[in-house]
Each structure stands twice: as structure tokens, then as C-alpha cells.
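In the part that follows, the structures are each spelled out as C-alpha cells.
Two complexes come next, and they have one chain in common, chain A, joined by chain B in the first and chain C in the second.
Up next, the complex of A and B:
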């Protein structure tokens, strides 16, 4: 299947609508918003991984200049409900400020509100807290054991989630397969690190009794959780979506921040702002992503065909649950990756430790799992002395098999994995790359080629919620768009989300432009607020091209239908006698007699007498709430579930050299071929793919939140939490392929995560190809230079 | 990350600088480029009561050469040192080190004297100063004194400067002019521009026969402060710097090494890699000098 649909704006290279305001410094971020009389918050945090709070003395701090109030945990907990837990763990009660116990270094204990942030910090230093240190646990395997101190004593132990899923005849498949391999993979605790830390302003309106919230937010059910924790009706919470978000990819959650300032705003009747500084962000904010250990077993035959997979995933979610355990759920949606694996056993365990709580990160747990899966395929190839491409080709789902249902229940909509892999091979000029590697090796260099593929599920239903928590019956996760055509024919669309750089205004304008055949630059797209917005679920899970795109197309098609009705009526003919073309309704065969959209808009708004009979509603507007394609059903009892409608695919090829002395990895050549169905905006897609790969290179080589055995975070600043810069990320070549999704408005799929899902596995593949001649391997991310050098030295 | 309250003065003459320091007693800090001091103040790791800004003291800026030394005044920007023809010609090891000091943007602010006075053991300027045996001129209200670098940096982040003293200049011995001189800095850092895990420097001078008649070396990251490995310099003096000679000689530093482990690398890694990196720097410098001989 190839895409030959003629299009005007979709897939056309056009400058994203948002570029102008960001390039000219005209963005509007939380820090740009100043409310009259606004107070600022600083936090006093725990220096212990676990301790009883014996006494809090705020008397000296309270007397500091500019201090308005000092808030400790018990007062806040009495006035609010606990923050939501993803899984069913009623014994885990989290409030923004610690009550009687602290559970990790950096946990908030006391909040100081003052006239300036500096004044608040001056006072925060003078708050005196007496602690009685308690036993704690840092290692997740130890945390599983019965003798481990429980992080949440009311929960009884540290196991927050534990289930073994069996999909298909795993035991039989392992028995009949002639070969089996088992190994461990470790994904280090890393994250997405945005330029802008989390920030929020809350203001309680004495007149309208509404809590206004401006936040750097990317979080589903944010207003709902605010209302529920603050115990106010949802229609008194107004989250403003017209706030630019300076980076997120999952981490901009900030619910505890918002409950804290929301409470203070109501208590003090003054606007309150909390903008994390980098230390607060890295230590006590929503900043730590998956931290996962895998035990992997594969059963396969002499041709390298993999029959069955056993995956044990142990996720260290730290001390605060939030949505973290759900990150074990999303991988179920593509548990076999691009491969026809017949059966799978998936043992998912989430364990709490005395570390900063885990939050969502790009791919929502998929990237670690993909590393485990891709290393299994590499190992099968190496074991059988087959090429890694060959083994992948033999295991790939064939193009003619779509739609294809995987053992865990999801149906992949479309794809052509063999073709995309061939494009990656050609783009990387693999034969030359092999020659280069072998020549480098002959000169004594440590050199390797990496290869990884990945599935990117997009447009989800949040079906991992009912899968991991039976009390949660979520089966839809809609997205909306409202379009109004004003009296002059100008088009304005309203969307129910804020954006963290994904280009939703471009997306919506392009799709409406395509449907109404008008220039997207002339279309206004507004971010609304939660009280005026229709249902929305925020830009998570690579869903907006699919879901917001679908909503925009749905609303635009309703407008178009109405325009044609009014046009035909005013041209004095039937609906079958007209076509809609370039913003005009044209009567076919009458010398080009037509009526413009502008004129039709005027009729709709002002000339009721010219509306066709049966059209009783004046104006020209439409709303559309898009249901998730393939959604609507609960998981079956064995955990089979349709999770995501659309499945993008990518193949990464990378050539790496490792300095034998220092262990430094240099990525010398990088190619990606990908298929996200129909591309809406080529620049945005390219940015997502390359940016995602850079993000993945960070997880692969550099980034880790490291804890020592005393429970202290050792990499809480950018000195030690190292992200790749322009020096470290190579030039990345990109090739596209288009297998349209049959389920979406224009054949589009998701693309926000694929770069990040492929790169860590590809880099690990390259490094291990380089290490292979030395008889050593490293399956622990990040692949630090010192670790690799130590391995090479041992091998010699 | 807001600094604690402080007073701020911006004198224009060095006399005022030292009198401000004398007036403030123990709680004053000099600020030049601020690339290290400002983040430390923002994190409240240091909290001076008085900041003496020397950016407007013209006597403290500039690079000059007389017969027996090159004088780099303390507030000279690292970027300016990197662009200086005098430095490139006469202090090639410093020129080779500049690209490793942070990034362009930080070098436009950061100063040579600031790096030295701050005493961060990973600072490339300190490595070079140690390898070249730089002399530092210090001044206070009480008078002036000169200190050799090896007596100056006594521990990580600790120098012999008194609280009322201002670093005025660093004086470098010029490299020999009758030899083919090249200099190389090698570094292991998590990323380009980061604090080094290990860094080494080598400045060599070959005569027309290819014999090494001048050798200055520095090693940083494997001892509390950078050091100059005299034993290697002596072992390789007047040699041809053949690979096996170099590879043997660099291991003379092994007994001196006393590294620590951190997030980025183990002590064992530093101990193992430091001599190898030093050997690489010497061989690279030799190869470049040999090319220039041909």
C-alpha cells in the first residue's frame, strides 16, 4: 500500500505556525505571567531517604522580611484529599507536603510563601526540622523482600503491582524450540529534561469563586485531580491552556505543585506562583523516568525464528506512585515489537523504594522494553551466526498480514517493516559501513554497527488503566475540536489542550485547511481553557496527529457539509449539482457559477431567509469529539486488550567507534528510516524523529539519576546528570516511508516517540557489536565511557 | 537558586580592589567572569557579604611579553587568551588548553585568573599553570608577593591566597624558540566542555635531529590537585620519544596517583587511563613536531 492521495496542504512542507512566536521571543510561558499581588513559594526538603518528622519550628523563618505564610504537611493534608494513585494501592497516601514521615531525599516538607522568591528562600533556610532517621531501601530487588523496610507502612510491603500475564502456549513453545537464550538488561533511571522546569500560578477569584490555574502542564485529568484534591467542584477549576510549555515529553505533571499553590491561593486570597528551580526539579520534582531491570528469555529455531518470549520487568518507581506503574502497561500494546512471536509471558512488577517518585517519560515505558526485545533479537543472530538484518526479516510481520493481532490482544493497523528496514539499510549504505567497521577493527579500533527497530503505538485509549487497575473502567480517551466560521468567513478553531512544542496549531490548521481548501495560515487556532473546552486528554502517547487531527477533520467536514447545503440552495440547485473547491461552492456545468465561503458565512450568520429549509440553526460552527479508533472495550480476563489504534515503525542504523583507552563512544554515522503513515507537516515530523533520537542517545550513553547506598541523589545537577549536546549528537539522515493508517482521517499515525524508542536499542546494539570481538558485553544503560573502558581492560 | 543577600562594589583601580577586600575582612569575594562563582552563590554553597567586581579594572586585563616572561593579567578572558598571537606562539600549551575550557559562551566571560584563584582541580588553566611552573603575582593592601603555582594550589578549591589578596597576573616562561615546539591537551570528559574526568597536557620541543630537548607535562584528575610529572620529563629527556620509551616512562606516574571514584568514573579507571592518556598526548605532540620538522 502506498499513499497516492492528492493533497493541498497535508504533507506539504510549510513553516509551522508556532515558529514565528518562538523565534521572535513572543512565546508566553508561566514565567511570563505576572498576576497582581502575586506571592512566591520556596520549599524546605528532606535531607533523609526515610525519617520521622519530630518537630517543625518555623518561628525564626516566619519573622523574616516578606514572609506571608509558612505551611507544613498536617495542615495541608487535613484540608485536601490525597493525590491520585494509578494502581489500586489505598495504603499509599501522598500529599504535596510530607506529613509525619519523609520517604526520599528532596521530598517537600514545608512551603514558604513570600513577596519574592529570594525572600522565600532566605526564610526557608531558617525553618528548623528535627528528624529521626528510619531504615530505608534503595535497591529494588531488596525492596521486594519481606525483610525490607516498607516505604509506605500502611501498604505493608513495597510491591505496588505484580502480575504474570501469559498470552499463548509459552511453555509448549519453549519446549519445542531447539534453542533458548536468557539474559539481563538494565535501563538506568533517566528522563526527559525540559529547558523549562515545572511552574504554576494559582489564583482564587473572590468574585467568581473560580480557581484560575496557569501551568507548564502536560497531564491528563489535571483539572479533575485539582478539583478532587482541593475538594471543590470541577466547574470551579479553570486551567488556562494558552500557556506555552517549554518542553515536556511526559514529565510536566506538577499535580502536587498545583495542589499546594491552589490551597495557598484560596487560604491567602492572593495569587501564588511556584516555579521549580533546577535543583527542586531534578530532586523533588516530577523528573525521574523508568528505572527498570529485565530478565529476558527467548525460544527460537535454527533459522532464528523466535517462537516465544518471557519478559520479567522490575520497575523501581521510587517513593511516589502517581501514574508510574502504568509505564509497565503500555509495552503490552506492542510486546512483540515488529515480530511474529507466537506467545509471550510478561511478568510486570512495580516496587517502591526511597527515591524520588517516577513520572511519565516519552514512550511511557516502551523504550526500555524495546531495548530488551531488540537485544534478544541481536543475541539470537549472534548465537546462530546470522546477520541481524536477516533475523529481523525472518521474524517481521509480513506486509500482507495486516491488520495483525499480537498475542497480547492489540491489532496493528498497517505497516511494511521489510521495506522500511531496506530503506534504512540503503540510507546507511550498509556495505560501506561494514567495510569501514572492518577496516577500523583491522587498525585496532573498537568499532561496531548497531541496528534496532521499534513500534510506536499511537492514539491510545489509556487501556493500560483498566488493565493494571480493575477498578478503573476507562475505555475512551477522546479529543475535541470546535470550529467557528465568523460572519466574514474567517475560520477559528479551538482546541482543548496546551502544547509543549508539538505544533498542534499547525496540525489543526493544516487539516482544516485541507478539508475546507483554504490557506492554513489564514486559520486561527486557539488553546482554550478547561471550563470552555470540550473533552480532551492532553498530548500524551503520540496521540494528537491521530486524535486531534481526527477531531479537526471531523469538525471541518461538518462545516463543509453545511457550506455545501447553503451554497447549493443559494445557487438554486441540488446537492448533487455542486462541488466544493478552493473555498467556493461551484455549480457544475453552469459556466463556473459559484458562491464563496465568505458569502455563505454571511448568509449563515445574517440572512436566515436564505438558509435552506430544515437548517434552523444560524451561524456556521461545528464541534467534533473524536472517539479512539478501535477503542471502547475493557481488557479480557487474561489481560488481552486493544490498546492503541495506530502503529508507526522505525529502523535505526548507527556506526560507533569506542576509544579503547578511555571508553568514549563516538557515533560516527546515524540513519533512520521510519513510517508514521501520512505526514501532516514534514518539518515537525523530522524534528520529532531527530529530536527523539537525540533524546534516546542521552539515555543510551549519558543520562542517569544515580543514588548511592545512603539514598542520596548523586546526579542532581547538570554537572553529573549529563545530556547530549550538539557535540555529541551526530548528523542524522532520515528516510520516510508511508503506509497510511486505515483508521485515521488522513492515514496519519503517531511520531512523537519513535526516535526515542529506537535510539537506545540501536546504540546498545552498536556498542555490543564493537565489544563482541573482545568477548565482553554491556547490557546496562547508560553505557558510560568508564564502564566500557573497564570492560575492555578486563578483556585484555 | 537565588543568592543570599550581598553587597556589591565595582572599583576601577586595583588599589580600591585591595582596600575593599581589606575593609570587608573574611566575607568578600572577587568576581570576574562569574562562571563558577555565580552558580555556587545561586546554590548558596558560598555566601559572600561583599562582591568586588574587577571587570572594570583595566590594570587587570591584558597579555604582555617581556624578555623573560609572558604576563597574563588575571581578568583576561579565556577567549582572549585563546585568540592571542603571543599565547599561541610563546605559551602553546595554554593555547591548546583553551578549547577545553567550557564552551565559547563561557570563555567569553570566564577569566584566566578566575580559574586559578578558584582552585578547581579540574580546571585546564590550573593544569597548564602547573605543567609550566607559572609564577603568580598577588597583591593586598599590605603589599605584593609572588608565589609559584606548585605552592599556590594546595588542595581542591584551596589556594594559599589570603582573604585580602587579589591575584594580579600569571607569568609564564616562554617556550624555547630554537626548537620545534608543539603542545597537546588530551581530556576525558563526559561531554565536550564538561568538567574533565582526566586531563593531561604535553609541550615538547624537538631539535633538528628529532631529539626531545624540552618537555613540560601536566596531569589532572588522578591526584587532589594537578601535578607536573618531573620523573617522566627526566626519563624522556634527550630521547627520540619512541613509542615504547613513552609508554614505559608514563607509568612512572603510577605511584603518585591517588584518584577518587565518582558518578562518572571509578578510581581504578582514572588510575589506569591517566598514564595512557599522558602517553597519547606526548605521542601526538611528537608526531606534530616531527611533521613540522619535515
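Up next, the complex of A and C:
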């Protein structure tokens, strides 16, 4: 299946709407917003991984110039409800400021509000806190043990979630398979680390009794959680979505920040702003990502056909719960990747340790799992002396098998994995790469080729929520769009989210333009606020092309239908006698007699007498709330569930050389072929794919929140937490393939996460191909230069 | 104790009384209200705060505003043409979609501007070198490299 639909705007190169304001310095980020009389917050944080708070003395700080108030944990906890706990872990209550104990280095203990940020920082340094250090745990395997100190003492131990899922005849499949392999893979603690830290402003309106919030946010249920923690009605919380978000990729979820400033704004009746500095962001920002250890076993035959998979995942979520354990849930949606694996056992465990809390990171836990899966495929190939391509081809789901249901319950909508892999092979010029590798090896270089594929589920209904927490009955996750055509025929759409680089204004304008056959540049797209917005769930889970695209198409189609009705009536003919074309309703066969959209809009707004009988509502507007395709059902008791509707696919090929002495990895050549169905805007899609891969390269080679045995974070700055620069990311080439989704408005699927899902596995594959002639391997991310240098030194 | 500072910003002479500890980036953003220059780390690594100081890209988080006394500062807002339309480099960034969230973009533009002022036909390696002190978390740099190349080609045609 390929896409041959003629299109006007969809899939054609068009300059994204958003970019004009960014190149001129006219973006409006949260730190660019200043409210009159605004106060600023600085934080006093814990220097210990675990300690009792004995005494807090704020007297000196309070006397500092400009200080308005100093807030400690007990007051805030008395006035607010605990932050949401995704899996309802018993005995775990989290508030923005520590109560009687601290649980990680960087945890917020005291907040200082002052006239300027500098004044707040000055005073924060003078807050005196006495601590009594307590035992703590840093290692997640130790944290599992009954004798480890519980991070949350009321919970009694550190196990926050633990379940074994079995889908299909795992034991039988292992018994009948002639070969088995087992190994261990480690994914290091990293995150998305946007260049903009999190920031939020809250302002309580004494007159309208509304809490206005401007934030650098990308978080579903954000206003709901604000309302519930601050104990105010939801219709008194107004989150403004017309704030540009300086990158997120999942992590911009500053709910505790918002509760803190929301509380202070009401208490002080002044607008109040908290913009994290980089250290606050890296330590107390609760934005770390997955930190996972896998035990993997696969059972396969002599041809390399994998019959069964056992995956044990131990996730170190740190000291806060939040939604972190859910990141073990999303991988269930594509647990077998692109492969026809018959049965799976998945043992998912989340433990708490005395580290900074976790939040959602691009792919929501899938990228680590994909590393485990892809390494298994590589190992099968190596064990049988088959090529890694061959083993993948033998295991791939065949194009004719779609829709294809995997053992854990999800049905993949469409795909053509063999073709995409072939495109990646051709784009990378694999034969040449192999020759290059072998020539480099002959000269004594350490060189390897990496290959990885990945599935990217998109547009889900958050089914991992009921999967991991049966009290949660979420079976939809809608997105909305409202369109109004004004009296002059101009089109304005409103959407219920902020954007963090995904180009939603472009997406919506392109799709409405396509449906109404009018220039997308003439369409206004506004980010609304939570009080005027229709239901929305923010741009998580590669969902917006699918869900917001679907909402925009749905609303535009309603408009179009109405326009045709009014047009036909005013042309004096029936609906079957007209066509809609380029913003006009044209009467077929009458010498091109037509009526324009502008004219129809005027009729709709002003000339009720010219509306067709039966159209009793004046104006020209429509709303559409898109239901998740395939959504609506709860998980079965064995955990099987349709988690996502759309499944994109990508194949990465990379050529790497490792410096023999220093272990430094350089990626010399990088190609990606991907299939995200119909592309809405080619430049945006290309950017997402490459940018995601760059992010994955960071996780693969450089980035890690490192803790020492004393529980101190060693990489809290950009000097120690190394993100790839233009030197480290090669010129990644991209080839596209289009297998439209049968479930979406234009055949589109998700694309925001795929690059990040494929790159870490591809880089690990390349590094291990390079190490292979030396008889060593490294299955620990990040693949640090020092580690690789040691391995090579040992091997020689 | 405040101190007087006088400097030129985007061609305009600016005088102000500021605390000596005010960084140039805070001064630009909070006193002069030019919020196009961003802050990413405040320790000199990310490049989001890049501005031109007498034509050379520098990190405005690592300079006190009073150190810019008598100098000429150009921010992203100053890269537009005289009639207010986008400069060629800015337009090239738009044409190749050399951004996503737009947060690093002003700093990237400054870094690229500094390069193109020196070199009419930079190689890919030179472009990468010029922007390597500016972190972008969104793009993976490829479309930024494309943008700088495009801008250089367009400039050569002018």
C-alpha cells in the first residue's frame, strides 16, 4: 500500500507558520512574560540524599531586602492536597516542599519569594536548616532488598510496582526452541534536558477569582492537577497555552512548581514567577528519565527465527513517584517491536531510590526497551553467523499480515518493514559501508556498522494508566479543534494545547487548508487557554498529527459540508449538482456558475433568509473532538490491551569508528529510513526524525545523571552532563516511505519519538560490531569513551 | 550600589543605572526588554545567550553588563533589515526549518552571523565548528547546517 492521493498542501514543502517569530526573536517564552508587581522565587534545597529536617531558621533570610515571604513544607502541605501519584502507591505522599524528611539531593525544602530573583537567591543562601542524615539507597538492585532503607518510610519498602505479564505459551516456546540466549542490558539515567528550563507564573485574580497560569508546560491533566492540589474548582484555573515552550520532549511537567507558585500567588495576592536555573532543573526539577536494567532471554531456531522473549525490566524511578512507573507500561504497546515473536514474558518492576524524581521522556520508556530487543536480534545473528539484516527480515511481520495483533494485545495498523529496511540499506550504501569498515579494520581501526529498527506507537489513549493502575478507567484521550469562519470568510482555528516545537499551528493550518482548499498561510491558528479550550491532552505520545490532525480535519469537514449546503441552496440547485473546489461551490454544467466561501460566510452570518431550510443556526463554525482510533476498551485481566492506534516504523544504519586509545566514538555516517504514513509537512517531519536521532545519540554516548555512592549528583551542569553538539551529530540522511494508516484523517501516523527510539540501539549495535573482532562487548548506556577504552585495552 | 553603564544596542545608544553584578543577558532581557536573547545554562556552555559584541559572537551570560561599557552589542532583534523585514540569514533559517522550539535559534543565528561575516563560502566543517558552541536539543543540527549554507549561497549572489 502506498499513498497516491492527490493533495494540495499536505505533504508539500511549506514554510512552518511558527518559524517567523522564532527567527526574529519574537517568540514568547515564559521567561519573556512579566506581570505587573511580579515576585520571584528561589529555592533552598537538600544537600543530603536522606535526612530528617531538625530545624529551619529563616529569621536572617526574612530580614533581607526585598524578601516578601519564606515558605516551608508544613504550611504548604496543610493548605494543599498531595501531588498525583500515578499508581496510587500506598504510603507515598509527595508535596512540592519537603515535610519532615528529605529524600534526595536537590529536593526543595524552603522557597523564598522576593522582589527580584537576585534578592530571592541572596536570601535563600541565608536560610539555615539543620539536618540529621539518615541511611539511603542509591543502587536499584539494593533498593529491591528487604533490608534497604525505604525511601518512603510509610510505604515500608522500595517496590512501587511489580508485575509479571505472560502473553502466549512462553514456557512451551522456550522448550521447543533449539537455541536460547540470555544477557543483561543497562540504560543509564538521562533525560531530554531542553535548553529552556521549566518556568511558571501564577496570578490570582481578586476580581474574577481565577488562577491564571503561564507555563513552559507539556503535560496532560495539568489544570486538573492544579485544581485538585490547590483545592479550587477546575473552572477557576486558567492555563494560557499561548506560551512558546522551549523544548520539552516529555519532561516539561512542573506540577510541583505550579502548586508552589499557585499557592503563593493566592496567599500574597501578587503574580509570582519561578524560573528554574540549570542546577535547580537538573537536581530538583524531577525531570530525570528512565534508568533501567534488563535481563533478556530469547528462544530461537537455527534460521534465527525468534519464537519467544523474556524481558525483566527494573526501573529506578528515584524518590518521586509521579507518572514514572507508567514508563514501564508503554513498551507493552510494541513489546515485540517489528517482529513476529509468538510469546512474551514481561516482568516490570519500579523501585524508589534516593535520587531525583523521574518524569516522562520521549518515547515514554520505549527507547530503553527497544535497545534490549534490538540487542537480542543482533545477538541471535552473531550467534548463528547470519547477517543482522537477514535475521531481521526473517522475523519481520510481513506486509500482507497487517493489521497484525501482537501477543500483548495491540494491533499494528499498517506497515512495510522489509521495504523500509531496504531503503535504509540503499540510503546507507551498505556495500560501500561494509567495504569501508573492512578497509578501516585492516588498517587497525576499530570500526563497526550499526543497525536498528524501531516501532513508534502514536496517538494512544493512555491505556498504560488502567494497565498499571486498575483504579484508573481511562479509555479515551481526545483532542479537539474549533474552527470559525468569520463574516469576511477568514478562517480561525483554536487548539487546546501549547507547543514545544512540534509545529501544531502549521499542522492545523495545513489540514484545514487541505480540506477547505484555501491557502494555509491565510488560516489563523490560536493556542487557547484551558477555560476556553475543548478537551485536549497535550502533545505527548506522538499523537498530534493523528489526534489534532484528526480534530482539525473533522471540524473542517463539518464546515465544508455546511458551506456546500448553503452554496447549493443559493445557486438554486441540489447538493448533487455542485462540487466544492478552491474555496468555491461550483454548479456543475452551468458555465461554471459559482459562489465563493467569502460570500457564503456572509450569508451564514448575516442573511438568515438565504440559509437553506433546516439550517437553523447562524454563523459558520464547527468543533470536533477526536476520539482515539481503536480506543475505548479497558485492558483484559492478563494485561492485553489495544494501547495505540498507529504504528510508525524506522530503520537506522550507522557507521562508527572508535579511537583505540581514548575510546571516543565518532559516527561517520548515519542514515534513517522511516515510515510515518502520510507526511503533513516534510521539513517538520525531517527535523523531528533527525532531532530525535541526535537526542538518542546523546543518550547512547554521552548523557548520564551520575550519582556517587554518597548519593550526590555529579552531573548537574552542562559541563558534566554532556549533550551532543554539531561536532558529535553527523549529517543524518533521511529516506521516507509512506504506508498510510487506515485509521487517520489523511493516513498520517506519529513521528516525534521514532528518531530517539532507534538511535540508541543503532549506536550500540555499531559499537558492538566494532568491538566484536576484539572479543568484547559493551551493553551499558551511555557507552562511555573511558569504558570502551578500558575494554579495548583489556582485549589487546 | 548601582552603577551607570552606556553602550550601543542594535545601533541605539543606551544608558542605564544597574547593579554591577547584573549580567549582560539579564540587562538585555530585563532592563532593555529585548527578550529575543535566551538563557539556557548561565554557565557558558549552551550558547543560547549569544550576542555580537563589536561583531564577534560572545556569551552574554558570562559578561557583566558594565563590562560592555562603550561597546556595540547586537542581538537577534538587530539582525533584521533596515525596513524591519527579516535578514537573509533569518529567512534562510525559516526556509530550511532550522529550528523546532525556537529557543536556541537566536543564539544560533548570532553564531552563524559571526561566521558569515568572516567567510563567504564556509565548508560544512567550518559551519559545524562555528555553531558547535551552541546547543540545540531539537534539530540535530542538520537543517541548521543547511540554513547557513543556503544563507552563504544567497549572500554570494547578492
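Convention: the second predicted complex is superposed on the first by the 795 of 796 C-alpha atoms of A that agree within 3 Å, B and C clash if a C-alpha of one lies under 4 Å from a C-alpha of the other, contacts with A are read in each partner's own complex, and residues count from 1 in each chain.
The rule is simple: a residue touches a chain if its C-beta (ideal position, glycine included) is under 8 Å from a C-beta of that chain, and two chains touch if they have at least 3 such contacts.
Just so we're clear, the structure is a prediction, and the values are computed from it rather than from any experiment.
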First (chain B), second (chain C), both or neither touched by A:15: second
First, second, both or neither for A:193, with chain B first and chain C second: second
Which superposed partner A:278 touches (first chain B, second chain C, both, neither): both
Chain B versus chain C as contact partner of A:149, first or second or both or neither: neither
Chain B versus chain C as contact partner of A:66, first or second or both or neither: neither
Partner chain in contact with A:789 - chain B first, chain C second, else both or neither: first
First, second, both or neither for A:661, with chain B first and chain C second: first
First (chain B), second (chain C), both or neither touched by A:74: neither
First (chain B), second (chain C), both or neither touched by A:122: first
Partner touching more residues of chain A, whether chain B or chain C: C
Residues of chain A contacting chain B in one complex and chain C in the other: 118, 277-278, 719, 725, 727
Touching residues on chain A, where the partner in the complex is chain C: 15-16, 18-27, 29, 31-32, 118, 192-197, 244-249, 277-278, 500-503, 683-684, 686-688, 690-695, 717-719, 723, 725-727, 729, 731-732, 755
Residues of chain A that touch chain B when the two form their complex: 117-118, 121-122, 125, 277-279, 661-664, 702, 704, 706, 714-715, 719-720, 722, 724-725, 727-728, 784-786, 789-790, 793
Contact set on chain B toward chain A in their complex: 1-5, 43-44, 188, 190-195, 197, 262-266, 268-269, 272-273, 276-277, 280
Of chain C, residues touching chain A in the complex: 19, 21, 29, 34-43, 45-46, 48, 75-77, 79-80, 86, 90-91, 93-97, 99-106, 109, 124, 127-129, 131-145
